[in-house]
Structure formats: C-alpha cells, structure tokens
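Quick one: this structure, given as structure tokens, is what I'll be asking you about.
Read from first to last, the chains carry the letters A, B, C, D, E and F; within each, the first residue is number 1.
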Amino acid sequence: MKKGKPERLIIDGKRLDGRDLEEFREMEAKIKVIKSADGSAMFRFGNTIAIAAVYGPRPMFPKHLQNPERAVINLRYNMVPFSTEDRVRPGVSRRSIEISKILKEAIAETVFTEEFPRTVIDIYIEMIQADGTTRCAALNAASLALADAGVPMKDLIAACSAGKVDGHIVLDVNGKEDNYGEVDMPVAMIPRENKVVLLQMDGLLTKEEFEKCLQLAKKGCMQVYKLQKECIKNTYKQIAEGDENV
Amino acid sequence: MKKGKPERLIIDGKRLDGRDLEEFREMEAKIKVIKSADGSAMFRFGNTIAIAAVYGPRPMFPKHLQNPERAVINLRYNMVPFSTEDRVRPGVSRRSIEISKILKEAIAETVFTEEFPRTVIDIYIEMIQADGTTRCAALNAASLALADAGVPMKDLIAACSAGKVDGHIVLDVNGKEDNYGEVDMPVAMIPRENKVVLLQMDGLLTKEEFEKCLQLAKKGCMQVYKLQKECIKNTYKQIAEGDENV
Amino acid sequence: MKKGKPERLIIDGKRLDGRDLEEFREMEAKIKVIKSADGSAMFRFGNTIAIAAVYGPRPMFPKHLQNPERAVINLRYNMVPFSTEDRVRPGVSRRSIEISKILKEAIAETVFTEEFPRTVIDIYIEMIQADGTTRCAALNAASLALADAGVPMKDLIAACSAGKVDGHIVLDVNGKEDNYGEVDMPVAMIPRENKVVLLQMDGLLTKEEFEKCLQLAKKGCMQVYKLQKECIKNTYKQIAEGDENV
Amino acid sequence: MFKPEMEYVRKLIEEDSRIDGRKLDEMRKIEIQTGIYPKAEGSALVKLGETLVAVGVKMGVKEPFPDTPDEGILIVNAEFPPIASPEFEPGPPGEETIELARVVDRGIRESGCIDFEKLCIKSGEKVWTVFVDIHVLNNDGDLITASGIGAIAALLNAKIPKYNEETDEIDYSQRTESLPVSKIPVPITVAKINGKLILDPCKEEEEAMDARITITTIEDTICAIQKGHGGYFTEDELKRIVDIAMEKGKEIRELIRSKV
Amino acid sequence: MFKPEMEYVRKLIEEDSRIDGRKLDEMRKIEIQTGIYPKAEGSALVKLGETLVAVGVKMGVKEPFPDTPDEGILIVNAEFPPIASPEFEPGPPGEETIELARVVDRGIRESGCIDFEKLCIKSGEKVWTVFVDIHVLNNDGDLITASGIGAIAALLNAKIPKYNEETDEIDYSQRTESLPVSKIPVPITVAKINGKLILDPCKEEEEAMDARITITTIEDTICAIQKGHGGYFTEDELKRIVDIAMEKGKEIRELIRSKV
Amino acid sequence: MFKPEMEYVRKLIEEDSRIDGRKLDEMRKIEIQTGIYPKAEGSALVKLGETLVAVGVKMGVKEPFPDTPDEGILIVNAEFPPIASPEFEPGPPGEETIELARVVDRGIRESGCIDFEKLCIKSGEKVWTVFVDIHVLNNDGDLITASGIGAIAALLNAKIPKYNEETDEIDYSQRTESLPVSKIPVPITVAKINGKLILDPCKEEEEAMDARITITTIEDTICAIQKGHGGYFTEDELKRIVDIAMEKGKEIRELIRSKV
C-alpha cells in the first residue's frame, strides 16, 4: 500500500477538501495574462493552475518542417519545478512528452489549420501549481489562449476529470485523490458537438462505472465550457468599456 | 580475479559447452527476415543472434552530408536491452560507437560505393542475443543483408572469432570464454581474396600464438562464407520454386 | 567552515606561497604555441596555465547564423580534466558557459568585428592547469592569440585578479586563497584607455575596500599588459632574426 | 500531400471492406512464441499479421521508491529500432515510442496483474525491478496491441533469478520461481475511419484513420484507456468500443493462456 | 540590422529622458506578493514594471558536499519558459539563463544571508538542500534585479517542512520553522547608454545599451558584482554605480522587509 | 574531391620515399616530458614529430565493479579540443576520439601493467579509480601511438595521493607511493599506402592511406590489436607488422624507461 495514504478519502459523502462527490473545486479562467504572447490564458481548478501562451500562426522554419497544406501545431506542456511537493526536475520527461502529444492531438481537432499552410502555431503551457487534473486545466487554458489569439476554431475545448475514489464516482479529481484513489479519468470535449477529443483512464472500472464517469465528465465539461465563454465575453466587455487593467 | 570465474574452461580438451577446440557453435543464416527493409538477414552463432537490415542506396539528406563521388555508408550496431544477463541500457554507448565504426569500415571495403554518388546506404544491426563474438555475427548478417538488397559488392564478408582459453587456441569464443578466458580475437575477411578487413585482439599472445589464431580464424571464415553462400542460393531457389514462406 | 581551511593564509605580511600582498606569481606569456591555429598563445600565472587558439575570421556556416554587419565571435573556455585536484568531468558545465560568455563579451569590445561581416572568429581556450585567476589567464592568452592571428584590434586586453585574504587586499589570488579567502575579484581592462571590460566580485567588501581592490587590479593589469607587449615584440624580433624555434 | 493509397483505404471502409480483406471487427492472426530469448528472464515474440514485436523481461535489484517501500518496480520501455523503419531518426525515443511504452505500462500496472509486494526483498532497502523491453521488429500497424500482448506473455513466461542477499549478487543461471503474475490484461485498439469503427488497424489504415483508441481490460473490468491520434469519438461510439474491447480481450486472453 | 527603436532610445537618453518617461536613476514600480504558490516551501511573485518573475523555494534532504559536511546546499536555477518569449529554443538553458541563475546565486551565497550550518541535519550525512527556482513569466528587462528580489523574498517566506530522520521522510504538509535567513541582499542593475548611466533598464533599453553591471549589496557592504554584456565602465563610473547600488538597495530592502 | 596533396603522398610512397623525408619504417622523433602538470597525480607531454599530446592521470576513490570487488578501476578518456583542430564540432566526443581512447585503454588494461589488486582499499567497498585523460594539443598524425606512449609515461610518473579511510578524504598535497605499474605496453601504428607498409603515418599520410593497424606489445608479447580505417591486410603483411611492432616497441620502451 502506498505510504501516507489516508484511511478514508470520502467521509459521510464529503471529500477531504469538503466537496460533494459531483462538485468542482473553485474554477477560475482569465485571458490576456502574458503581454508578449499573441494569445494567453490562465485556467485554475483549485490549486491546479495552468498558464498557456500562443504564438502564431507564423512562418515555420526550418522550411523542411513546413506542411504545405496546413499549419503545424507545436505544443509544450511543462511543470514548473515548484509546482508539486517533490520538486520537478527542469526539462522534458517521458510524462510531459506524452501529455504534450495528446493535448496537441486534441487541440488540432478544433483549429482550422488548413487556413494557414506552411505556418506553425506554438502553444506553450506552464503548470504553475499541480494538484490533480493538470492536463485538463492545461487544455482549458490552451483553448482559451487560442481564442484570445484570434486563431480560427470550430469551438472551444472544455476538459475536466472524473474518477473513482473510495468506491464513489467523483468529479474533478484532486492530487490526493489521484494519488490514493482508484481511478482518474481526464476527458476533453467539444461540448456543443458532444465529441470526446481526449480520453484517458487509469484504474479499474466496470462498464457501468465507466459510463457513469463519462456522463459526469460530460456534465462537467459543459460547466467548464460555460465558464470559458463567460471569461471571453467579460474580457471583451471590459475592453469595450475601456478597463485598462484587463 | 573476476568473480564467478569457473575453475576451468576447458576440461579434457572439451569446452564447457561441449565443443572441441576448433569447433563452431551451431550456425544459422537467413535472409529476408524484415519485410520493410530493402535487404535483411539474421546470423547466429549459438546464442549470439544478429539481425541486420539495409535501406538504400537512397538520396542523402541533408545535402551537405552527401559525397559527390560515392555512397556514404551509415551503420548502427545496437544491443537489444534483454540481449545480455545484465540489461543493456538503451541508447548508444562508447562500445557501440566504436563497433559501429569498425564494422562500417570493414563493410565499405566490399561495396562499390562509387556507383551511387550522393546516396546513403543505411545498415542497421540489432543484437537480439549476445553470447560472445557479437561483432562477427553482426558483420555476417550485414553482409548478407547487403547482398539481399542487391547492393553491388566485390564479395561477401565472412567473420568469426578465434581466441585463447585456458592456454588453448580455440575457434568461436562464446560469452563465458570471452569473459573469463585469456584472448578474444575477432577477424573478418573477404575469404576468396584472403584479405583481412577487420582485426581486433585483446589479451596476451606470443607471435606464434597470434599466427595460430589467425590461421584458425581464416579457416573459420571460409566455413562462414560457405554457409552464407548456401543461404543465399537456397533462398533464391525456394523463391524460384514459389515457396511463399520465404 | 570549509574543511581543510588553513588557520591563516597570511603570516607576517607574507602569503602562503611566500609572496608579498601586492606581488604577482611568476608570469609567462608566449605566442605561436599551436601550429595549426591562425593565432595562439599561452599565458601563465604561477600554476595557472591557459592556452588559447584563434581560427578565423572565416565564413560562418550555417548561413542563418551569419551577421551581415560584423564578425561573430565564438569563444569556448574549457578546463582540462587533470587541471585541478578533483578531476573535472569533460564537457560543458554551467560555470564554463558563464565564463565563456563574459570572456566573449570582454573580447568583443576590442576587435574591429565590423571589418569582417558574415564571418566567425573562433577562440578556443584550454585551462591546462588551474590554480586561481583562471579567467584572467584565459583572457590574456586569448587577446595575445588574436594579436598573433593578425585580427585587427583596438588594443590588447590585460586581466588580473585582486581580492581580500585574511583581511588584506591582495593581488593575483591563487587557488587556495580563492577557496579559503574572503574575496576574489577578476578584472580585465584595456589599460591604455582605462576601460574596465570585465569585472566580477564574490564576497564581502566595503566601498573603500572595493576601490582599493580596483586600484590594485588596475596596476596589475598594466604589468600584465607590459608583459604581453614584450612577448609579441620579442617573438617578432626572434622571427626577424631567423630563430627557427619560435 | 495527396495520398492515393489513403483514399483507397477510406473508400473501401465506406463499403465495409478492408485493404487486407478482413471484416471491420476482425483481428489479424496472432502468433505468440515465448521463452525464445534465453538471456531474458522471460520473453515473447508476437506476430499480429505482419506486425512483429519482441518483448523481453529482465530483472534487477534496486532500492524501492520512498512512497512504496514494500513494492517491486515496473519499468516499461519501447524501442523502435531502425531495422523496422525506413525513416529513422537517431536520438532519444520519439513521442510515438514513449506513448506506446506508457500505454502498455499503464495496462499492466493498473490491472494489478503483478503482485508487487511479493517482489520486495527487504522493506525500504531492496526490491526487484522488472524491466519490460519492447523491441519492434516490424511495424504493420497496431503496435500497442501487439506490444501489450507481448508484454503480458513475456511476464507470464518470466522466472525470477536467484538472489544472494549477503553478497548482493544475482545468479542469472538459476531461475526457478515464476513472477507473481495473476491476471492477463489485454489491450484492444479500435480506429475510426469515415465514421466506421474498425478493429486492429494495419499500417495503411493507421495512415488513413481519423481517430484511435486503446482499451485494456481484464475479464469484465476496464483497467486503462488511451485515446490517441486526434479525431473524436462520440459517447455512443465509446460504449460500443468498450463492448468490443471486452469481447475480443476475452478471446485473446484465452489464446495467451494457451501459449504460456 | 538597423533598428530605429534602438536609435530612438539612445537619442532620448542623450536628452536625459527615457522611453517610459522615467528619470535616469529611477526604478520602475516594484510589486511583491509572497506565499502564493502553496506547493512551494516559500514563493514570491515580483513585478518590476512589466517584468514578471515567479520564484519558488523547494527543499529536500541530501548528502552534504565533502568539503562542507556541516552545511546545507543552495541550488539556484532559472528557466526562461517559452510562454514569455516569442523566440524559444527547446533544449538546455542558454547562456543568458545560466548567467541569470549564477548571478542571483552568488548574491545570496556571498551575502551570508542563509545560515547554512542550521540546515545541517546530521553532519556528513544529511543536510537540507534549498532549491531556488526562478521562472520568468514576462521579460521587459532587468531580469536579474527582479529575480534577485524574488529569490530573497521567497527565501524569507519559506518554512522548513518536517523531516522524520528515522523513516527518512519529509512531510510537506507540516511546515513550521522559518528558513534561517538573516540578511537581505539586493541586486541593482545599471546600464550605460551613450555614456550615461541609467538604472533598471527596460527591454528596449537593454537592446540599446552599451554596457551593463549588477552590484548586489547588503546594507553598506557589496557582496557580488557582475559586469555583463560587453562595453566598458571607467573607474569613476564604477564608483558612482556602487553608490547608486547601496542607496537603491536600501530602499528595496525596506520594501522587501515590509512584504514578508 | 580530388586532393592533389594526397596523390603526391601516394606517388612518393611508390618511390619508397615520404613527404617528410623519412624512410618507410622510420618513426618521427619522440620527445617525452613527465610530471609537468602538478595538479595531476602523474602526467606526460609527448611530442611525436609535430603531434603533441598531453596526458594526465587523476585518481579518486569509488565503489568497485561488482564482478571485480578487489580491483581498482581504469578509465581512459580522450578529448580532441578545438585548439588543435580547425574543424571542431561541439558536443560529445566523435567516433575517432572514442576509438582512440578505447585502443589506448585496451593496450594498458590487457598488458596487465597495472596491478589493480593493489589499488583495492577495502574489498567490495572502496577502490582507487585511475583516470587517464588524453588531451590532444596538435594533431599531425598517429595520435594512437603518441597517446599510448603518453598514457604509460603518465602512469609510470603517477604517485598515489594519501587517503584517509575514516574521513573518506583524499589529500592531494601528499603523494608518496608510486602507482603499481610494472610493464610498459607500447602501441605501434602501421599504415598501408599503395601496397607499402609505412611506420608512424603523419597527417598527410593518414589522409592518403588505404589501411591502418595498431599493435600494442609488451616485450615479446602482443597485448592488443586494432585494425581501423577500412582497407585490408594480408596474412603475410600482418606477420611482418607484428615483427615491426615488437622491434620498434622495444626501442620506445627503452626511451620511456629512460624518461621516467
């Protein structure tokens, strides 16, 4: 058994951080957080904080990497060294390479890359704090940053996690639950079209449990999506109203 | 003294694996073992198994690496992680770089590289199992793979090892003999022309012993050469006879 | 406290190697020490020995690294593995990258790089022995090597260190003094113009002490400069006189 | 880059047929050989159609991770050696190779098939490390499935070498006890092309596919899921894929059991 | 490459004015927030004009270096993540980033502000390692000053996690004692443009500057100097810069003290 | 690429003469200086014609390899620093450099010249590691011979520093006992050009040569052979080269003995 595992993670229907089973941690979304980027955003689930910056579309060099038919999407997911309890060694890891790959593939589904042949769109994501559900926060921030950069997209991507903890199906798995719980299942969707563009799952689930998780994640994604839309709307409203602090 | 060293490696003129001093382990040669390659081969001395694949000649990129007068030969010798008792860490090592270099230099001696200026011939060798005499098995497989790819060559290269174990000059040194014996001497030849194209030796030999080893290796190379020729002949014969399982 | 620290580093006004406070170790300068280089030099402070070689100006490749307005200066400072008591692991370190950068920036101040657009000047420095004040020895050697290569320069750079040891301001800090003393302050100047082109300092100094160190270093740089000029003059004199051993 | 072959594959699928004549939900023939690499503690050679993967299990003794002082360690590594691929880039493994290793790793780890506590030699000090090395010998598509089958077959085939605690030496010539492996996780990969779900895509199909998903199961339980490659699945498609993964997983599980 | 912007900056300086309206010896506004990254033992977010730097302190337990068996270890690392820079090169940190980390490192180390002997757990066997990670979120010039301020603010904010010597475990959820930090080293950076000394250069000024120097002080003592970037200073200029560094350092030291 | 110089070298050899006026079986002048790098435990500077190689021996204390618990460790490393070569590629050592280090390593190791058991401090726990670092200062051909001579000269020159087992400290200022080196392996390199064997090729000859071989001997025994560079030798040529290597090895062995 893993050291440090609490005896119970859910007590009287409440999770250790006080949440109900199907309750999100506090969520926060913000765009235009990095001045130098073409688009940028921050997305937060409780203590999990992602910052994304988008540069491009811009001509790709060296030339032999260009795709004559579409923009190439380049995505880098990175953990800040002090984002977790055990310091993360700087540089790429096998984990960050895999996550960068699946995030890139999910993002590519929404971008009209064919409008920008021979260019590259760079998406850089920094996990400032990591407390579970990091790749979902990363994807939410990246999608907002793309929107902020004005990159033509079919729709936003919204992501959240479902999971199984102490036998219960829960929404928005935090770090402790991920570490000591039974199942973590990150899901990303294009919510309006009901399309699942990212899906991973680790741990044991029956078919029924899987379907329940998926349902719950789907509902969660709709909530995330709503927050993302509001964030964009509010920001542009503030800009229209001349708020300099945006 | 090295730990684990058996008291004797040769008892009553027989080696620990039952062989006579001048006897090969079971040898096996096979071509067309990798479907996607332009040419491929397997060569085996007992538990030492090499697989080689050839791609090319094909145009070389980036262009500044091209040789306007001849094909460039690129060769990579690699140990599969589970090929030895102590797992081999994936990736290149100083040992594999040196072996790749000397194998490439030996191979280059037989290929009419001047017929294919500005191209590259890639030769990839995987040591699936390693039990001594690996570079010789590698070279035998590589030479067969080049022939299978139809690359114009002066002749095949045949390689085997001789050595000194418990004071005796022996043929085809196995892993244990290499580890605990006195001398390992891999030799590669173009047998029909009596040309030595690869020669290394580690350990103490008098001039007389060296000459005896060389003689023995030369005889061994002729045997390997014979097996290689038969392998090619039989394969094409089977193809001519319409055997689909080749 | 650091292990191995001597009780006192200065006894009766004398340093452990017998020098006075404001005395240099034996210095030596020599040019044309590497046959294959366009210019080369050796500079020595006691047991600290630097060898520098200059190649170029020559066309820079790949082309996209060229500067259309000036020569690019490339400088590599490297410690030979056996140059210190604890063997230096081969390859670049964070320390060597930083030192290479500040030496390059200091050197660039004296070279008429605008006369050689699209070229590169490679300056390679090997610390053969390291006993304190290494970067100053490196810079003195590099500047001499550039002169030897005939690269047009405003003037030579002369460098030396001052420091604080056992409460005294001293000239030319050696390895033990650097390790166990209070302050090491390497300084490089274009002496005739009174310009400080390199200045670092580690340790605690009051303003008055800093100014005293700077004064002392300035005097030291003049001495180094004199030696450098003599070295060049003597070498060309010897050449003019037909000495083959130069 | 217009690829006529890709278009052909997609057109065929539209007509419910496949380039190699299979039905949409038909796997290619699976051949499994175990124990053929004597230097490895366990090994398997898996042929899935023309896809050929060698998997070797090696064991060593190490300090355990601080948070699991009583458990052995699993390390899954994949290599895509150049012999199997005309376009080879030297250097560290690429993202495809890393994803392959990590998906196989999670299938094994999450299934709980290895009793890691039995691999503890001395709590907090010494545990067995189990290296599973996947070596791709030919890539004709669906490497994840072939590698996942190879990995569990090699683990079932593996025997623990003798370890002398006093001298801290491993005697690889004496392998007696089997690895404590109790379940058989099986990954099943489904691709989507032109809105149709197809099982076990071959290489031409992988080049033409819109989306890909791998579901690893042990009996009636899912133990790992990985959607890869872009594209999307609907909720309904995902439910059907779970059914397929369970059904086909059962068949392959029987096959593996019969081979080891 | 003729850069009109650069020429404009230089022309302004000649007239004793700056692109952002500051006086030559005026720093930009400094904002310091501490403790906002809960996973770190200590943290600070420093805004220096539009330059934004996050610094986190993490601690771990290691063997000491052989020549200082009774002292904790300091490791300062800087990352210049691509979010903050349109021209990003993947790979190991470049020379600018390394210089940044090393200058901040020396400012802290040489000031003696950390009592490293208090970070010894067991002489010669176990000491605390203090990682100071500098993460640049926006670069509008004078990164060294912003990072140096962030580093000391994060160190002052840091609390040591509980360490159980018997089980060799760190409990990061229990952080009680403060790090033994007693002094506040402050780096001040001065640039020279067209012969004039200016304080705290912004990015446009850095692109136009001839020379740069950073002097770190604690009260009336200099603890580190780094001349960077090429160009030169005269002896007289250096003396004036030391005065500036001491005076401005004092102001910033007060600000930091008020924030932690 | 037609190289007129190469053709000239080959033409000369045909007429039994060489570009630097030597006879075919004549070595260039060898100069050996030892002990000139005081930070090293042992050192040698070898000049072979214009080829100049510095070799330093450094020692450290480490855990032995598990299969040789009672033996010290030898590590031979070569660096080809850019000062000696107009075409320098930064990065890890290339294949030429690695071959150089490994050939010198095998010559020393296989000769048995170092008594590794005398370098054991505590069986299974602590042994001396002997680093032999080859630093090429000028390359005018036959680096292997120059480096091999330098390596054994530096080893013969080396003195073991004092080691305090209790404090685990090495005192490099006190070096007393000599390294236990009893034999003098000498590598001899022969090149073949236009069917002729020539001794100790200079750089122009290396560029023109067809084949190369290095034979290391101790007295009347061969201890290592490395054929490199392509081309071939006949059995008869090999026998003649062994004779040359033994004869010339003897001469150089005397020279080394007189210098250390």
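By our rule, a residue touches a chain if its C-beta (ideal position, glycine included) is under 8 Å from a C-beta of that chain, and two chains touch if they have at least 3 such contacts.
The structure displayed is predicted, hence computed values, not measured ones.
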Can you list every chain in contact with both chain E and chain F? C
Would you mind checking which chain's C-alpha centre is most distant from the centre of chain B? E
Going by C-alpha centroids, which chain is farthest from chain F? Tell me that one. A
Using CA atom averages as chain centres, what separation in Å is found between chain A and chain D? 27
What whole-Å value do you get for the distance between chain B and chain D if each is reduced to the mean of its CA atoms? 31
Cα-centroid distance, chain A relative to chain F, in whole angstrom: 57
Touching two or more other chains, which residues of chain F qualify? 66, 169
Using the touch rule from the top of the page, what residues of chain A touch 2 or more other chains? 3
Mind pulling up the chain A residues that touch chain E in the complex? 3, 34-37, 40, 47, 51-53, 55, 76, 78, 80-87, 90-92, 122, 124-126, 128-131
Contacting residues of chain D [partner chain A, same complex]: 1, 66-70, 95, 98-99, 101-102, 106, 109-112, 213, 218, 220-235, 238-239, 242-243, 246
Considering the complex alone, what residue numbers of chain C touch chain E? 1-4, 68-69, 94-95, 97-98, 100-102, 105-106, 108-109, 185, 190, 194-207, 210-211, 214, 218
List the residues on chain D that touch chain B in their complex, please. 37-40, 43, 50, 54, 56-58, 60, 77, 79, 81-86, 88, 90, 92-93, 131, 133, 135, 137-140, 169, 172
